[in-house]
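Per-chain numbering from 1; labels A, B, C and D assigned in written order.
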Amino acid sequence: MTTPLQTDILTGLTALVLIMTFIMVSHKSLTPTIRTYAYQSILLSILAFLVGLFTGEHQIWIIAVVTLVLKGFAIPKLLNYIIDRLKIRRERESPLGIPTSLLACGLLVLLAYAATSRLPQAETSLGRASLGVSLSVVLIGVFIMATRRKAVTQTIGLLVMENGMFLAALSLTYGMPLIVELGVAFDVLVAAIVLGILLFNINQTFDTIDTRQMERLAE
Amino acid sequence: MTDILYYLLAAPALTAIAAGLTKSQRFQEMANLVGASVTLVLGAIVTYAVVTTGPQSAAGSFLYADALSALLILVVSLIGFACAMYSIGYMRHEVHEDHFPAARLRLYYVLFHAFVFTMLLVAVSNNLGIMWISIEGTTLASAFLVGFYRQETSLEAAWKYLIIGSVGITLALFGTILVYFSAVHVLGPASGALEWTTLIQIAGQLDPLVLKIAFVFVLIGYGTKAGLAPMHTWLPDAHSQAPTPVSAMLSAVLLNCALYGILRFHAIVSPTLGSFSNTLLILFGLVSLGIAVPFVLIAKDYKRLLAYSSVEHVGIIALAIGIGTPLALFGGLLHIFNHAIAKSLMFFVAGNLNAKYGTRRIDAIRGALLALPATGIILLAGFLAITGSPPFSVFVSEFTILNAGFASGHYVAVTLYLLFLLLIFAGFLMSMSRMAFGKPPEGMPRREVSPWNTAAMVFLLAFVVVMGVYLPAFFVDLLHQAGAVIAVVK
Amino acid sequence: MIIELTLQLGLVLLAAPLLLTLAKKTKAFWQSRQGPRLLQGYYDLVKLLRKDILLSEHATWIFVAAPTIILACYLTASTLVPIARPTAPLGFVGDLFLLVYLLATARFFMALGGLDPASPFGGLGSSREVTFAALIEPGLLVSFLTLVAVSGTTSLDAMSAPLHAGILAVPPTLALALAALLVLIVAELNRVPVDNPATHLELTMVHEAMVLEHTGPNLAFIELANGVKHAVLLAIVATVFVPWNPADPTTLLGGLAWSFVTLAKMALLMVLIATSESWMAKWRVFRVPELTTIAFLLAFLAALGSVLAYGGT
Amino acid sequence: MRLPWGAGWTSSVPRGKTALEPLTLLQLAISVLLLTTLAAPVPTARRTRSLVAATGIATGGLLAGASAMLAIQTGQAPDFRITSATTSVLAFHLRLDPLASFALLAFAIVSIAVALSLPAYEARTKEAPSRGTGSMLSLLFLSILLVATAHHATTLLAAWETMSLAGYFLVTARHHNESAQRAGSTYFVLAHITGALLFASFAALYAQTGSFDFDSYQHLAATPLVTIAFVTAFLGLAAKAGLIPLHGWLPNAYREAPAPASAAMSGIMSKMAVFLMLRYAVQFLAPGPAWWGYLVLTLGALSMLIGILYALQESDLKRLLAYSSIENLGIIFTAIGLGMLLLTSGATTLAILAFAAAILHTLNHATFKTLLFLASGHVENEAGTLDMDQLGGLAKRMRWTSAFFLVGAIAISALPPLNGFVSEWLLYQSLVGTLHQSGAVLLTVTLATISIMALSGGLAVATFVKAQGITFHALPRSEKAAQAREAPTSALIPLALLALACAGLALAAPSLLAATQLALATEIPALPDAATTTSTDLRILPTSTSLAPLAVLATIAILCIIPIILARGKVTRSMAAQPRGPVWACGWRATRARANYTSLAMAKPLRMMFSTMLVPVRLVQRAPTADVLRPMVSFDSKVTPLVERFVYEPIAHLTFLFAGRLRIIQKGSIRVYIAYILFVLVALLAYVSVTP
């Protein structure tokens, strides 16, 4: 399948994806978070490209290109456009504080590895470790959504989770069948657009997109 | 007969397009009504075909409809038709009260039928990936329907609905990926490993550990969309802020689509995992039943009350499927149908009350029995039906589930089930008697809101009353075949 | 059967006024005065029968009919108890309960009669009468159960059969039951510790308050009924609980002697009760429950003892 | 795996030979009542509506009564079964077995009387009851008919819940006043609890026997499942009959319902709980462990005593009658409990006597309680109020109603000439008979029950002296009572019929007793009858001729002649001819109504004597008036309903407190909601990774 050298490169890149997620959690303001998300997506598309190169599965390249274009550039531009239009200032840090949230993310990673430790060895070159990474990226995505206040950051949390999915699909089975991959990518795009439109409406009515204002519906 | 599935999917799509093209409200309503009735007829034909000649498939096993999906198709088309009929009267009244500009009515009908299209797609897609995409589609289509009124509360509800829904669906995707991985592990990569038909054959050989984690993700993911507690938090906001026909569709049908997803995965994992998935379903079912109790006991807004009642009934269905004996499955699947009918009936009544009294607060409504003659009686009949009183259909399914629970020895679960049903009955009774009885406010004319609304309500009431006494043989066969699909090996 | 019935009723109607006057004479003796002549009872009845009835403006037909029904009930009750002959004329299995409930019927009509003429004292009397009756009834019934358990039958005249076989055949607890019965009979007959038959002081009268408004023949019937009630209850003690009777009832002469001895026993009991009245003051109304509860407990223990020991034969 | 579900309906109706089969009569009764339920609300005029309902119910009652009589005579137990082969859950199976026929007898008496009194009541009532009262009443009777004859779990449960449903609409018939709604809600919640308990019981029986049909529940041995079935069924039926700890709903529900409806509910609806309990004790269960009998007996005795204690303290006429229903139901359940105990210790003949006493008392109670409730309905309509402290002096104005109420009062206080005495006498005989069984606990319990019965008998006399005396006699205490007029003659006919029935049932007692004993003997397999066969000379067991109520009545009648002759016509003169004079009030001339005894005064001595149990509360308000020395003092004393205060309110309070606490999980913040999902995910993953 793939030579040991190639497996090391791929595992190295997966580890880099995990580190980027941690960086994203530690950011205070919005624009760096979006930028880190863009880098992560680009990294993932490179990873997909390399896997396609090493294993000769050329149809992965299509998905790699789609990811690069969509998640690398299109969605971050859309988010930046939203931020400019809505003139959002700095996002105050989450109620948990950076150090504690990092610690919590560490625990989530531990849990992810514990859960996936006993699964059978994936034949693909990326191996079981990358499954652990993808599961932890998903869990951290949910964590971001659960702690950050700004609506835009929650959208980013959602997109990070989706990146985790992409990595999992890539590492386990060289990606899902093509139609499914395309469908998933298309859905992510539509979700981002819909979220954008909703953000505009919310901003008009609430003139802020801080979720604490949106707690009128209770009990 | 194989391309019947195409026509089924085409009907709502064409209606959506037709409604989108014209500006005149009258033509939109006509298109909506004709489209919905065509969908209903096609749904009935598909169901009949499936029951008599077995599973239908089209486009080379890309579209596949067995008894379980036939049940979902029947529910989607039937409730879709009733809601379409109800929307005409309701939306006219809303436009008349200028809650929103008439122009937006076009958007409503387009999104409504797109919503029906995506739900039918869920029912017929054989590939679990495509099923995931169509469930994602339902969320996106219904997001704008929830936030239709563009007020602060409805936007907040739409935002929560979309965000929590997306989180759930993404988790479900992870589960689908794991199932795909275990299938590839057994079959090798390029052989349609995500097709339901292939997966169910090799269900016995899949790796139990992977399936365990996969089912956890699927249960939490699709459970969020199905309203299983504690992931149900978006449901009361979304169902109470959406326009009534939409909240009826959400409560009666969308929850069942997500449940349908869970049932598919339950069928795949149960041969290898044994009772792991059953216990989880029973646990989540009881938690949903329990969580609904306090919110029904102290209810301030009757649409939220109905939303929590949906959480309760989803819990009952999960409990029934969890028990897993043939009788329990029969009861659970019958309950999916009965709940869909009774819940949409109650939402129509709620719509009429909202149109008449202009408020959703329970203590602001008195003497509905006198102010709205037909709706008042249906309010009481619906209340009795939704809480499982005998002469109506919901009693039959709840009693079957009770018996199955006792026969299979789940004493603790069944006692809790009875206790929660009792508390919910008490909560409902207090709200309903406060609204139905007493004198209506002076000067309130004593007539119905609109003939369309009453027609839709009577159409559903007929089902609730008849199904309480007599189950047509054709329908019983459908339920048994669907039950067999889930408990294939047991 | 008709002869026995008429003999019994004649004897009871004769004995009734006599017993009441005997009680008055004994109390007078203890108050060292002479007291009324023995036949005074009959004179009063004849005088009252000649007088006319005077009703209150508010009275209804119940008030007029009540005395007749009350007298009839007590007379029916008297037919169930062996007075003239050792076997009661109308006795049957289970007539113990009929007797107790006949007393209750009479009380029901008397209380209603008290309430009807809208006199303030009528309400006072009937309220207290029904209260005391409710407290007396359980003790009254349970005190018989001692004998029922041993004899196996609830017919009054057959109940005393084991006593004839000898004192040892009957459990010692019978004495307790008899004591309880005596206390309860005194309470039932509205004698001193519970109610004072001679007084018209509003705050203390119970039986008298109810019959305050009755006049003429109605008052006569009430008095007669009271006498019959005394005769019935005393006869129960005399023939059921203390059945020894030297005379042999089979022959005609013996029968007469038997009933004469029974009447003598009843008279002796009446004197004893009247003497106890002279030595005791009337209790406060809210201490009466203590008296009846003690009596009930005595009866209950007696019955329990005899049932556990002799039951299940 | 396909289950044996065929398609289509099969109905196996035995081809009756003669037209007058009990089964055809029963089917006719059911269809007539169904028709009335549908037809009653249609006519617009209130008069025609109540007439339609009245005729329907009366014919239904007659047909049911006729079919019951026929079934008892011929001793058949015909079956009527529509089984839908599609699912064994849904089936309609009726059977007219002996128990059902006695239930139908009581049903006939009550339904005919209520039907006859409905038109007059609705014509005379002040507030217009809601349009559906007539049809709901016929629905109530229809569902009672089905519950009595049901022979299949779903038919019974469906009829049972429809019965509660009809009851709910009757209690809230006058839903414009708040108390009716509250009473209706508590009634419906508790009725639903009885339904839920019966659900559980039949589910347990289904789990035990695998079938829903009663044919397969024949003398089941006491396995754990059957014990669960018995206990849940008993609690449900006790709640429906209104036995003490579960009686909270009964007084308000019977008070708020219109009089014909409360007569029907207390007359026959609560009896369905009795007949179903009998079915459990006699048919379904073999003689079980002793603690079953003790449970039923103790609860019955408890309700007997506490029921009548509260009845005595009530100043509202219909609530007084409601509490007295609790007492009578207590007597019936004591008889059933005694019967079960005797079955366990093998004395079958005595057990049959006890069950016969229960059935007869049910019939008798159905008769006189309906009479009393209908009469109270007339009092409410004519005198405008049910509060006894504002009534009084009605005997002069409502002559016949007060006379019939008197007959009912005599019967219910179990006084000799009438039917109440007969059934209590039978129960006393069976209790005394038990004294000859062995077992110290059994003997003590029997002795205690006899004393409780005697005490409650005495208290019943006190209660109904008060009810009759304060409501009908002495001076009218309010303007409304002074202008009361007699109810229309058409309304008096049912009362007359019921009064005759009270006397008739007393006279017919010996033959009725024989019929019940025969019917029960067929149900209970003849166990070796240890107790009664050995002591041959025991003359406890009354042969049916021993108690001759006719002889008792004749003696009393004859002995009334002696005083009449002695009074030489003074007693029998007409009331007008009697000379009248002022009442003695210590020389104070004008006696006013305020000087009379009120209902509180009548009950005061017993209230103080039983104060530990009744916990009376005294409310005294002093209002200053112009005359400084004489302030306006108003005095009232209330009895605290212990069970409601210390059982229902705490439970309701706790549930709502807990519900209020739990509502904070929906506080509105989206981040908390997502945290829930994360928490569940982490928990499940941890669980999966830990377990093998």
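By definition in this document, a contact is a pair of C-beta atoms (placed from the backbone, for glycine too) under 8 Å apart; a residue touches a chain by one contact, two chains touch by 3 or more.
A quick note: this is a predicted structure, and the numbers were derived from the prediction, not measured.
Just to note, of C-D and A-D, the chains joined by more C-beta pairs in contact are C-D. Seen from the C-alpha centroid of chain A, the farthest chain centroid is that of C.
Distance between chain centres (mean CA atoms), chain A to chain C: 101 Å. Once the centre of each chain is set as its mean CA position, chain C and chain D turn out to be 36 Å apart.
The centroid of the Cα atoms in chain A and the matching centroid in chain D are 70 Å apart. Centre-to-centre spacing of chain A and chain B amounts to 31 Å, using the average Cα coordinate of each chain.
Counting partner chains per residue, chain D has residues 663, 666, 670, 674, 677, 681, 685, 688 touching two or more of them.
Touching of two or more other chains is recorded for no residue of chain C. Listed for chain B are residues 159-160, 163, 167, 171, 213, 236, 295, each touching two or more other chains. If you check each pair of chains against the touch rule, the ones that pass are A-B, A-D, B-D, C-D.
Those residues of chain D lying in contact with chain C across their complex are 393, 395-396, 402, 406, 410, 413-417, 421, 424-425, 428-429, 432, 435-438, 440, 443-444, 447, 450-452, 454-455, 457-459, 461-462, 464-466, 468-470, 473-475, 535, 537-540, 542, 546-548, 551-552, 555-557, 559-560, 562-564, 566-568, 570-571, 575, 578-586, 591, 593, 595-597, 601-606, 608-609.
Only residues 663, 666-671, 674-675, 677-678, 681-682, 685-686, 688-689 of chain D touch chain A when the two sit together in their complex. In the complex of the two chains, the chain D residues touching chain B come out as 1-3, 5, 7-8, 84, 86-87, 89-90, 154, 157-158, 160-162, 165, 172, 175-176, 181, 184-185, 188-189, 192-193, 196, 199-200, 203-204, 206-207, 210, 655-656, 658-663, 665-666, 670, 672-674, 676-677, 679-681, 684-685, 688. Against chain A, the residues of chain B that register as touching in their complex are 127, 129-130, 132-133, 136-137, 140, 143-144, 147, 150-153, 155-160, 162-163, 166-167, 170-171, 173-174, 177-178, 180-181, 184-185, 189, 192, 194, 207, 209-210, 213, 236-237, 240-241, 295, 300, 304. For chain B in complex with chain D, the residues that touch the partner chain are 159-160, 163-164, 167-168, 171, 212-213, 216-217, 219-220, 224, 230-231, 233-234, 236, 280, 291, 293-295, 297-298, 326-327, 330, 369, 384, 389-391, 395-396, 399-400, 402-403, 405-407, 409, 414-415, 418, 421-423, 425-426, 429-430, 433-434, 437-439, 469-473, 476, 480, 484, 487.
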